[in-house]
Amino acid sequence: MIDYLKEVISGTWSLFVGLGITIRYFFQPVVTVQYPYQTLPMAPRFRGHIELVKDEETGETRCIVCGMCQKACPSHCITVNGEKREGVQGKVLTEYTLDFTRCSLCGLCVESCTPKAITFSKDYNLAGLSKEAYIFDLKAELSSLPAQTKLMPFGCKNRLEAKN
Amino acid sequence: MNCAAIKEKLTVIGVEMVSEAEYARKGFALDVQVAPHLLVAAVSVLDAEGFFIEAITGVDWLGEQAALRKEAEAKVAAEAKAQPEAEAAAGEAPPLVSQPAEQGEIPEDALEVVYDFNHYEGLCRVTIRARLPRSKPEIATISSIYPGANWHERETHDFFGIIFVGHPYLVPLLLPEDADFHPLLKDFRS
Amino acid sequence: MTLDPEIIRLLAFLVGVIAFASFNAAYLVWLERKEAAHIQRRIGPKEVGPFGLLQPLVDGIKLMTKQLIVPAGVDPVLFKIAPILVMVPAIMSFVTIPFSETLVARNLDLGLLVISAFASVNFLGLLLGAWGSRNKYAVISAGRAFSQNVAYEIPMLVIVVTLVMVSGTMNLTEIVGLQMGGFWHWNILNLAASPLMPVAFLIFFVCMLAETNRAPFDMSEAESELVAGAFTEYSGMGFGVFFMGEYANIVIGACVATILFLGGWHSPFPDTIPFFGASSVIWFLLKMYFIIFTVIWIRWTFPRTTFYGLLNLSWKILIPISFVNLILTSAMLKVF
Amino acid sequence: MSTFAQSQANETFVLNLGPQHPATHGVLRVKLTMDGEYIVEAEPVLGYIHRMHEKMGENRTWAQFLPNTGRIDYLHALAYNHGYVSVVERAASIEVPERAEYLRVITAELNRVSSHLLWFGAFILDLGGFSPLLYAFDDREHILDLLESVTGSRLTYCYFRFGGVYNDIDDNFVTGTRAFIKRLRGRMPMYHNLVTKNIILMKRLQEVGPISAEMCRKYGATGPVCRGSGINFDVRKHEPYSVYPEFDFEVPVYEQGDSMARYMVRMDEMEQSLRIVEQALDKLPEGPVMAEKVPKILKPAKGDYYHAVETARGSFGVRVISDGSNTPYRLKLRSPTFSNLSLFGEACRGMLLPDVLALMGSLDLVIPEIDR
């Protein structure tokens, strides 16, 4: 009988301890970020959808239309084609579309791009009314992009290299 | 609880081939090839030893026999070509002609069922393989010994069409109820 | 037919009571969402109006404009009566509650009996609604509500009987009158009557929680098990009335607890102190809202009890202690 | 008015728990035949989120299957990355540098803590407590930020590569992780006071959903489910892989085998994972994070390979049969929750509905991992 009473008393005591914890949190400041008014800065390595890099010297893309990213992509989201123009060494990029509805942000395309012509963008609030809104024409968006001088280091060998 | 003890117990009941796979390289300690009718005996040996069932799955070896046959013929052709010089060089060459597989019944491709067992205490993962003819893939169920195998067998039936004789409720588990296709077969065209 | 002032006063009070009940029902929702938010360290509604104060208004309009769906195969009569059966008893019991010396609709001699009678009617509405909507989840939750209500009616009434014995009357105004003076005159600290009085208040509070199906006893509308319990099939204002009924019942429970134990409209300080001592409606509302704050606070802290745990708690702990309290009080009254 | 049918001996009715139900956390449907509120028969019905990862594996190259591993069990994606990457490294016998293995262990253990925190919140939510979920998410948010700063994603990671990891960590990841470890250690007593010692929860979990050691063995249950029934089986200790042997950590094992035991196993495991991360950060060696010569088009040696890893839910094994080409011939994913759930039918016979939810929550189900 005694341990039954002890259990009842320790039980009610545990209830009051629980209440004490929640009331303490009631008076503590709020933790949440009020989204539309405040936004969180994205980490430098955040993987948004991929975008073409504007080379600071030429102001053009570095893409040599080799199609490595197209082959590496598991879900065939990237379509790249270019054309030969006389007087220009190598192919010129004419179309670079990304079907973001199927992209799984795995990074195999960025990793397989030898001239480092594509990188991850930082925007995350992508709202669209139709599926077609998610077929991005990266070549067209290239003009609006700021020239990216320092590329985000990825796949670097060790921490020292990441420093510079 | 070491693998050697298990190995004898399995060979005692006349299992076809028990090989000690090198764990670090392959990931499992014992690789047991079993004739379909001996499967239940082998599994009950493991059950007695306190093994638990990890997974049951299937492998579709379509086109394997054809590849083997082509390989055999290529080897035979290579020997026939190499034989005259060897004879000239070595004088008496051992009769190297390997008789081609007997023409009678061309061995049919196999549907292999792979059972994985592991033990809570000792580090000994046992893989039991049973090869079934593709035309009539049937094998006895072990859900009576391991109730956990019930779902694994239903899933393997879904993907490969292997019929587990004596299974209490062989209804598609992951595929829709009326699914009659088996997606993991190599000749499956969606 | 000449309208004598009594009827006008009564009509005015009825309108005031219904306004009070619906205002409370709406703004308790707001208080609950705000309090739950801050306990969980987030903001809660703040878009509509300052601090989200117009949120209940907007919710009300949303509920009213929603289509009242009466699913097929439903017993139409029961389905429509149920929400009303939950709401009306709650408002009826407001009639006898004395908010202050003069502010009472109808000062009945058996006020306490009226409230206890109506308290057991509201769960009948829940039962009819669940049975009428022919939904398996609703029927399970109705079964639970039924046995839970029976289990918690008994200790509550035993405590009420002990208090009636202590104060000798069932008229709520007189019960409060007895608790004049400072807070040591309140029944909760009235150790002369019975040393177990604070425990009696605790039991009464727990029974009030269980009566109104509030966590941790919300077995009947357990979100994670029975989806929405008795009112799964209701939409629009049907659900709205159920919701208001539940909150009105909480307010009733809080009012009765303040009247019986915390000395109604009397201030905790003796009357000698000029400003604070005067007893007025403010004190009554303060105490009531403090109890409602605690009810919400408990909901957002504890998990739900098991169903048999809930019944064991009542039959094995609450009822024995309340009987002991009853006998103790009668013995103390007899002796002193 | 039909006369009241003479009630047969067992008047049972069938109740569908799911596939769209608040307590199943995904699309699992359980067909319950109930007699009143007692369960007569419970049969989980699967396949509502079946995506056939194994067929996808057969028509993708070895590297292209990496993003799939993060989608099998999105709560502990890094362990699934680890399982797949290790089996391919074993097949192609690629040597992984020391620092890469340390990074893998650090990120996988942080991911385990975030998976346990989400399980803790969702489990108490099933039992009716609302606030602990928000507190657990508050802590979990710190881990997600840490892992986002390294891997780039927050939930479905694709961070491990054959022969190492995608990129290296920087100093504020190390300081951030140490700060997080100190913070979570400070919060654990609060969780225990608020939840574990609460009399209502104790009554809700003790002696509910007993699972015996023999039942675990017969159904092949692994992870916290079998450790809650007294079986000391943790792949990190049983089949040591990666650099786990270099850390000392205990494996919490409880004997009772009820929901409370499984709950306590996971709560103690969070503490053990923090210890591992702390030791790994102290002993983090310098050096490359990627093996030198990993062939772009990977063609592992022919044969059959298996590798098991310890995820938050149990032992996840990947069996790979390669025929020397650049796509796997057969890829079998052994998911732990598939076996843990298979004992559900037998475990919850004769129980009450709320107890069934306590049992289902204590099994820590992630439905996409069951259906694959």
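Chains: A, B, C and D, in written order; residue numbering restarts at 1 for each.
One rule holds for everything that comes next: contacts are C-beta pairs under 8 Å (C-beta built on N, C-alpha and C of every residue); 3 or more make two chains touch, one makes a residue touch a chain.
Computed from a prediction, not measured in an experiment: that's the story for all the values here.
Judged by contacting C-beta pairs, the busier of the interfaces A-C and A-D is A-D.
Set against the C-alpha centre of chain D, every other chain centre is closer than that of C. Mean C-alpha position of chain B lies 70 Å from that of chain C.
Distance between chain centres (mean CA atoms), chain A to chain C: 52 Å. Here the CA centre of chain A is 44 Å from the CA centre of chain B.
Here the spacing of chain A and chain D, counted between their Cα centres, is 25 Å. Counting partner chains per residue, chain D has residues 131, 135, 138, 194-195, 198, 200 touching two or more of them. In chain C, the residues that reach two or more other chains under the touch definition are 39-42, 300-302.
Shared contact sites, meaning residues of chain B that touch two or more other chains, are absent.
With chains as nodes and touching pairs as edges, the resulting graph is of another kind, matching none of line, ring, star or complete. Inter-chain contacts, as defined above, occur between A-C, A-D, B-D, C-D. Taken together, the chain D residues at the contact with chain B in this complex read 46-47, 50, 52, 54-55, 58, 87, 90, 93, 216-221, 226, 231-233, 238-239, 303-308, 315, 317, 319, 321, 329-330, 332, 334, 338-339, 342-343, 346, 371-372.
Contact residues on chain C toward chain D in their complex (touch as defined above): 36, 39-42, 136-137, 140, 143-144, 215-216, 218-219, 222-225, 227, 299-309. Within the complex formed with chain D, the residues of chain A that make contact are 7, 10-12, 14-15, 17-18, 21-22, 25, 31, 43-47, 72-74, 104-108, 111-112, 120, 153-159, 161-162. The touching residues of chain A, when paired with chain C in their complex, are 8, 15, 18-19, 21-23, 25-32, 34.
Considering their complex, residues 60, 63-68, 70-71, 99, 131, 135, 138, 145, 148-153, 156, 158, 161, 166-171, 190, 193-195, 197-200, 286-290, 296 of chain D touch chain A.
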